[in-house]
Amino acid sequence: MKIGIIGLGRMGGNIARRLMRAGHETVVFDRNAPAVEGLVADGAVGATSLEDMRDKLDKPGIYWVMLPAGDPTEQTIATIGGFDTKGDIIIDGGNSFYKDDIRRAKALTEQGTHYVDVGTSGGVWGLERGYCMMVGGSKEAVDTIDPILAALAPGIGTIPRTPGRIEENEDPRAEQGYIHAGPAGAGHFVKMVHNGIEYGLMQAYAEGFDILKGKASDKLPEDERFDLNLTDIAEVWRRGSVISSWLLDLTAIGLAKDQNLEQFTGSVADSGEGQWTIDAAMEEKVPANVLTAALFARYRSRVDHTFGDKLLSAMRFGFGGHVEMPQ
Amino acid sequence: MKIGIIGLGRMGGNIARRLMRAGHETVVFDRNAPAVEGLVADGAVGATSLEDMRDKLDKPGIYWVMLPAGDPTEQTIATIGGFDTKGDIIIDGGNSFYKDDIRRAKALTEQGTHYVDVGTSGGVWGLERGYCMMVGGSKEAVDTIDPILAALAPGIGTIPRTPGRIEENEDPRAEQGYIHAGPAGAGHFVKMVHNGIEYGLMQAYAEGFDILKGKASDKLPEDERFDLNLTDIAEVWRRGSVISSWLLDLTAIGLAKDQNLEQFTGSVADSGEGQWTIDAAMEEKVPANVLTAALFARYRSRVDHTFGDKLLSAMRFGFGGHVEMPQ
Amino acid sequence: MKIGIIGLGRMGGNIARRLMRAGHETVVFDRNAPAVEGLVADGAVGATSLEDMRDKLDKPGIYWVMLPAGDPTEQTIATIGGFDTKGDIIIDGGNSFYKDDIRRAKALTEQGTHYVDVGTSGGVWGLERGYCMMVGGSKEAVDTIDPILAALAPGIGTIPRTPGRIEENEDPRAEQGYIHAGPAGAGHFVKMVHNGIEYGLMQAYAEGFDILKGKASDKLPEDERFDLNLTDIAEVWRRGSVISSWLLDLTAIGLAKDQNLEQFTGSVADSGEGQWTIDAAMEEKVPANVLTAALFARYRSRVDHTFGDKLLSAMRFGFGGHVEMPQ
Amino acid sequence: MKIGIIGLGRMGGNIARRLMRAGHETVVFDRNAPAVEGLVADGAVGATSLEDMRDKLDKPGIYWVMLPAGDPTEQTIATIGGFDTKGDIIIDGGNSFYKDDIRRAKALTEQGTHYVDVGTSGGVWGLERGYCMMVGGSKEAVDTIDPILAALAPGIGTIPRTPGRIEENEDPRAEQGYIHAGPAGAGHFVKMVHNGIEYGLMQAYAEGFDILKGKASDKLPEDERFDLNLTDIAEVWRRGSVISSWLLDLTAIGLAKDQNLEQFTGSVADSGEGQWTIDAAMEEKVPANVLTAALFARYRSRVDHTFGDKLLSAMRFGFGGHVEMPQ
């Protein structure tokens, strides 16, 4: 198929490459001209603007928007939507908030433009491994772009089938690594929860390794200390233990390079989905202590001290004349 | 009554003073001689050792040990217990772990010595306001020292009676500010949970004021920022709001001095009871998310970054090539 | 002053009464006619509609809306705003979301109507004790209604002044029990955080008493059990302990009636402010583990089992062949 | 090698079988005679008592104890230790508390008996997949039993090597699926933290799927609901997403059988390691909010309502006259 790809960063560039490897034609655009040139060298058709891309695509056209959530995505979709070509399919492959998808899809559908949201997981590994995709939109639009999704997905590969999975009941695409999750917004909603879970998983490993490392601490009685090899522990847990996972594989890679992780300061970003997941939990009245604690650990990692900490010290001073602990 | 007081720090010294004001005779000892001299100037009889104290007290004697939990308390009680005078009453007024009380009481009771544990709350304010006390031990011993406890307690004062409290069902001492909570250990157990709750309450205020202060943050859209006067907010909440409390009074005092609390760094100690409270919750299989989060916030306040934070950064780098956020 | 009061429930009715006691004239309206009649019997002027109220008030008029947040409040304010009388003051005394205040104030200000939001704490006790109020709006409007606020506030009463509070630096109204917190929205924002803190405080006590009660559990070794008198413990903590508070007073009242609280099932509502407080924390990137855990404990209290619990059982069965624990 | 295996439950029986498949000779004992017979049918030598096992093993003997932690393990090790045969190796392959290992190893080492603790992960899948093992003990003893450990371990299999792992720096056994973690106790300590992490991971998935399922809730506005296929979501996340893991594989299996998990009530056991992990965190002063919240979610899953919930209701009634929410 022919597809336009807007946004050629880490994710967008590799998506274009993986599609070309599968024989699809890509027309690519990025505000950053060298990014376009790089893709053209790999076989893409370059575009100098969204209008230029429109002219180089079929009618109706298929557009994959792979930009930061918020203004960049919003404005790009508004421009493409403004082309108002009946039957166009606009795909938001980024990390938009699912309520924005619902809103956009409503407006675009009224004018006959299709809107599809694709939550895309795979990171820098996706070019080789393929991308896991959660897709929202109308059946018609999702079916139309199926060849694109199939090319991006990892396929069944070497990952074993789930015992007990009954083919006739389930969506066969799931085993290929993509699903049609529901109407517009459903794709990003599922991806959002995915990222919320990711934060929780990551924090569980983080706390566990913190406890392993702390076991050498001189706060402990001498005969209760262990000086553990974290690199070997991460490695052994990859092999037959119940906590083996891709995140553990990444942990093992990081620790193999440097068991003390000295290149990192420990100031950890969060990208929006974690927060939206907690919003969703609260709207549904679902308790989500683990996912929230994981998110808050990231906030906490980015400040030296909270004002709240100081208030604790002020209360302790007021009550007991306590002075602060030297750090 | 005549009572020996061992440990003349912030708490012990004021306890001796409050007892003398009520007409009790005190014999006082501290490893730090000037502390003894200070109390002697206030009317106490000084002792140069535990043996000297024994000789200056009646037989059987009453000893109030007011020392840091752990070795100092343990050794002092061992020494006094070694006097082996039938009918002696040893009171541990400090912050011992209640299982240590159970163990000590068992051993001392066998030799005819009484052991009483008194959880004591009141801080630097206790001299004037009186101490709230939770007492564990045999009925006989607790009844014997009742005049001591009554003198230390705040008494009913101006605090209104609890509507619906039926006198015949309840312990009249509770309204005076002390209770006989149960056998040895029960006093410190109740005081331990008291401190666990205290941590939770403090952290609730800390987080709330953090959110108030953060509302001026330039992370927020400009028309959603408020530059709030925290001093006045603490003050107004003291007056008719459902979250009025002594801890809020202390917060108001701290903020009245300096709304930014700049004298504090925010490195917050914890004293053992918080941790033991969580241990007790786990033994009983009681979920205690708030008390635990409050305790962990203190741990977190004392380190710049956890190793776990670095591990999160390592995973994010491994997965998405993410570099760390500048702080 | 003359003031219209819309909504004569538990809070609104008592607010009208307290104002009348202070000599203010009230015109009252409620969809529920008997509620109006009750207030008329107490000296209010009854209104049969908002239009009727307008006609019975001065021009410009002062309206205190005391209705459930959401549609009832929104529609009532829209109707009064539609009167479009220059200089009217509309007060939202309920629990509106502060961003709704910001929006409404913007629209009303453009037409010359004042909008004031008053976060009101005091519960069923407010009629006698007075209400603690946090007020947002323009200086002009807040100054105009000062006599109303002063009459509703508790006044300085018997609550001691905060040591170190320097009068010239601070708002003297804070000591009377109300503050002008900032522009429109600031009143409800401060009240929202107040309720967030309230949830945290309540949960801290709840967990503490849970641990006290659990100490009698037969899960524990027999010599480590205590059968504690929770009623007396709540009482004694009110007297000189650092965790004394109004919420503890209420706890003591509840336990004095029935130490086992058998009239309650333990299904606990939450009213919106708790959730909005967490939203605010996330927008500001402030970690708020305690306030969140308190909110989630309420969600959890309202379901028998979460689907997540079942998923844990499914995983345990899958991994280890574990069958579920009988409850 | 020849090895005695005590405890032929789910884990112990399969360990014996896997060893025999690898050509080792096993002498087996269980209080439950049919369990012994089952293994004898598979080629093991049956023993009728620990003494009988001793007589059927070489001297010194190797004993693998695979019993529930606590009394059964303690007494069995005491009995075998009482044989007092110089050079015997006693392996505790169960889930003992690591401080018990330290204590036992100290006593046994003094008499010339070796003590090795093996944290064993693998569940019902271990017979085929192999067991991931974390081993504590002296180098001499661990080297002696290496053929046993190698036979039980999964081996490198199809799991890719960790990029960047430098062979000369690391323990080659880690890639085979077992490590010598340190002195006695270190094996169970690492396994304990493993289980703590496991609880955290499981709870992260549980909360995420709870939020997915709750998205169909009629608490939400109709146009924001999604009726998601959880079975397909679990499946797709196994394929290229960053949260793929063995626990997710098990989730997918469970959901493939029944998306509503109706065979489970959601009452979830915890086995000790989760609690000990939090104990270790507190001893080291490491904040572990996620691991703790995961543990507490299990406690909470096993009661209908906490007493704390009732206390919240009592406070709300006392403050605002609120009656409880119908469930």
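First chain written, first letter: the chains are A, B, C and D, and each begins at residue 1.
Just so we're on the same page, a residue touches a chain if its C-beta (ideal position, glycine included) is under 8 Å from a C-beta of that chain, and two chains touch if they have at least 3 such contacts.
Just so it is clear, the structure is predicted and the values come from calculations on it, not from any experiment.
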Contact-pair count is greater, between B-C and A-B, for B-C
Tell me, please, which chain's centre (mean of its C-alpha atoms) is farthest from the centre of chain A?
B
On a C-alpha centroid basis, what's the spacing between chain B and chain C, in Å?
31
Would you kindly tell me how far, in whole Å, the mean C-alpha position of chain B lies from that of chain A?
47
In chain B, which residues are in touch with two or more of the other chains?
123, 203, 205, 207, 210, 214, 242, 247, 253, 285-289, 293, 296-297, 300, 302, 306, 308, 319
Looking at the complex, which residues from chain C come into contact with chain A?
242, 275, 278-279, 282, 285-289, 292-293, 295-297, 299-300, 302, 306, 308, 319
Could you please specify the touching residues of chain C with respect to chain D in the complex?
10, 123-125, 202-203, 205-207, 209-210, 213-214, 247, 250-251, 253-255, 261, 264-269, 289, 293, 297-298, 300-322, 324-327
Applying the document's contact rule, which stretches of chain C touch chain B when the two form their complex?
99, 102, 121-123, 126, 129-134, 153-154, 156-160, 162-166, 169-171, 173-179, 181-183, 185-186, 189-190, 193-194, 196-201, 203-205, 207-208, 210-212, 214-215, 217, 219-220, 223-224, 226-229, 231-233, 235-249, 252-253, 256-257, 277, 280-281, 283-291, 293-294, 296-297
